[in-house]
């Protein structure tokens, strides 16, 4: 493997990742933008924010969790009512059938927890009253929590950005360029959008291999408004750390491109951001994006086809810049 | 049509819009600031944020939607109670009249959904109890959602800016100037307010027509405090891309002025922004704003008349700068 | 009145206020930081944000408003139940006494609105059921609104800054200086705090009087952390628009000092800001602040005495800079 | 004690703390980042934000407070019902036993406050109805408050940063350096993280002792992403105010290092910050952090061991820079 002279490019050290070869494993950033990192050494409950777990889980999982909580609470309280004695719940006919009694206690519990309290069953002894009074209190607190969680879930600022599946090495201005295309896929609108691309690659050989980070300059790194799709273009010119790096070199260098998009969202009136990364296997070498938007038939609006955001066609690339390798 | 020499003005490329003539249709930005764009290619539910839809719909539509949801839920659950058997709801007199039974099931459902639970009707069988238990659970979750939506609706940061109906081409310092007037129309107060004006126009002829974007510099582009009205003034001097562009040229160039205002709002303690655009038909050529505020009768306060914000009087304009056309 | 040569000081034009003498009335900014401005020309409900009105009213007014709403709603619904016929509410004994019937309908209404629904009174006819079903729906929505308002009220970011009652003209470095002292009065803590002082004054005489605005530079205009009290000092040196302006000149010039403080608050994790203004009558001419904090008896903490924030003692001032007046 | 020549280092004056020796007591910033300050002179309720008190208290204290409030309200209302007369609550068997009656009134109260309202007990007289109507109203408002508080509690933006227990004076590039290590301990991820270190120390002797503040420059003061741990390094070179300051000098100078970290959090989509401070007794002089992260066994991820964040080993330090003391 020929090693391009990359020494003259200043690597950056403030990425927050380590440059040591043998301390980090796998890709740095997952496809969804989260960091590929596992924390240990403190208890699970201290390491985890239950609130954020509930905020970020899929919708059906969230509602299922709430429903399970509701069911488990009812089972618990129904058991307590049975232990106290079913005869303390006026209106329940005690037919000495445990399952039947449990059912009735269960439904009394659910009527208490939700505060619907029909009243055809009601607590009469001190014990049952204490438990019921506690249960309705817990019920209200729980649903207050759920109200907050639901609100937190749908107000969580998200960028709703869709990235192209592949990173393209495309011909551009007679040279090679790194291209990624993105668009917002909801009816949201970002303004003052900034993109930052960081390249992580291994340089040196064998034991001396070290991971280095390079900021990749973009032709346009900030746009006023992300209305249509946006193609991020890094031209591989003499200033680029990828100058003279061939397809094979890229494979050997264990490349990872980290993309970070940040903008101001109209919906949330908040700064939103999204990250993703591309590793070697996600590179389309010698390819060009095909247009993803066109004018509507009646010429009154513009159509953005999100299903064609990742579409590209194969094209010839200019030769890898030789001078860089054999100066 | 005479084509002014606009080549020496640097157009800007980071507007987020495309410069290609035949891909975009109609005006770029709607009057309310939204982008004139339609997204396709992914399912409707992925493209849409239901939360933001409910957040931005008109107030009466929102409350009607919630009421419809309430009604539909009650119809659904009433039907289920009827299917299970009306005799499982103690307190309902089953008079074999389907409509009457449905009515009673409907109101039992509403008492359960809202958790009012009077109790003169109550579920007695296993099936009815399960459904009622589920319904009160759904009721609480739904109203938790509505609580969140209501809160989200009235806390959504908005700039509450009113723009003048027309964009004026007014005489200013012996030359022509582009003027737009704005004010906040609620008792809100913006600080550190910035304005950005972008001009979109077609240059070149016929097939070679391309859309170009130009940032229009303002005499004052940032004010500390938007207390009164604010007139945004772009002087058409030699540095302006509109230098030498006559009324007729403007019509042919399919002009669109994009205005973007951003500030910090005291009410919301958040950054708010608002956009609008003016197309050719909204230009008042040869006009001047008349004052919209005056001192109160007792000299203790200032009166801002919002209904006169768009008021202007016709005035003579200086000649179009000839030198630019025939140098 | 001698008019100091102020022409060489650049006035600023981006304050958002007008410079015309006869359009604005009274002080520009009220003591509480709100703008002294009245808007007309659009209907009250469009001009007003009910939400923000409810957010900013005093606590007792807010709770009283909610209570009145609750009472009025109950009166309204009780009337409807009476109109439909009290006999449609099972459990109410109709003793042909209107007041008595109204009372019972009123309490049934309150049990429905709050969804407490004891059930000893319950709706039996179609009409009563429809109204009750609607009322419980409205009840839930209303309390959802109140939940949001309460949350909005106590999370509204506020700077909680206390300003000294007076603006001092104090001796400083052998010259005169403008001093104002401030501190946060709650257990909140601001970081990256910036202050901006703008002076509004009339220059010229009689008909030619115009209001001009000047930014007053501060010795320290940004502090990392507002822990103790902070004295904002503007030195009246040759660069100051107040150079050579005597006490009498100040009175004639209809001075107004606008203070704007902005910082990041730990409690709210948000930017907070507060404004105030000082007019001529609030100037203490020839005065110096006395210390407002000291070490605690046991030397383990620092005591900030907020009741002494405005305390000053009279001191002699250096002569007004003559050179500025008679050069 | 030898006094290093520190006069050539510019101290900073915008820290918000006073430089006077005898006005402040104890450490400036507590370990948890709060300011060591006590405010007096205005009433407790004006000085305190109850909302923020409830927001920041420990979880168990918060829930206990809510539960106590619930219990106290029930005791109050039960007493009122007893005073009005237990016979006004239909369904309660008045057996002339005060304790028994109180219990039943208590549980009726809890059923009203939580709006569960079974209805086997119900108010029948005007007085009881008024109180019950008021209680259910208060109940709804209270739980609206609790909903808001709970939401406020779990959405309060926090940085979740763990700092090393000690500040290390470590060898670095042949000189001494000040090192502190930090990491986020939850599954949160900060971007654009900035660190600011301020050194507070006494200079001069005896009566002339004054506190001075110095900003300590860091080798890397801003990182794009706080993924792993981050070691903040201040090199004690000729530019450092600690140049030539020996261990003994540090002790005499009553050092305090103030750390302030600020970043953008993905979870909260908000700026978060955290402060801490190190005093002399928390310095490990001659020490070096041992690595706290390593590659996972299967090389697919990185493990960050939070329990080893503070771990260091003793190492030899280079001599204190003599030239600074005896130039």
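List of remarks:
The chains carry the letters A, B, C and D, assigned in the order they are written, with residues numbered from 1 in each.
We adopt the following convention: a residue touches a chain if its C-beta (ideal position, glycine included) is under 8 Å from a C-beta of that chain, and two chains touch if they have at least 3 such contacts.
Quick caveat: nothing in here was measured; it's all calculated off a predicted structure.
Superposition of chain A on chain D using C-alpha atoms only gives a rotation of 90 degrees, nearest 5.
Chain centres here are C-alpha means, and the one lying farthest from chain C is A.
Shared residue numbers account for under half of those found at the interface formed by chain A and chain B, and the copies are therefore classed as meeting with different residues. In terms of their C-alpha centroids, the spacing between chain A and chain B amounts to 28 Å. Between chain B and chain D, the centres computed from C-alpha atoms are 40 Å apart.
Shared contact sites, meaning residues of chain B that touch two or more other chains, fall at 111, 115-119, 147, 151, 270. The touching residues of chain A, when paired with chain D in their complex, are 13-18, 22-26, 28, 34-42, 46-49, 51-52, 55, 90, 111-112, 115-119, 121-124, 126, 129, 132-133, 136-137, 139-141, 144-145, 147-148, 151-152, 156-157, 196, 198, 260, 268, 270-273. Taken in their complex, chain B has these residues touching chain C: 63, 66-67, 70, 74, 103, 106-107, 110-111, 114-120, 143, 146-147, 150-151, 154-155, 160, 185-189, 191, 193, 220, 222-228, 230, 264, 266-267, 269-270, 291, 293-296, 298-309. Those residues of chain D whose C-beta lies close enough to touch chain B in the complex are 115, 117-119, 147.
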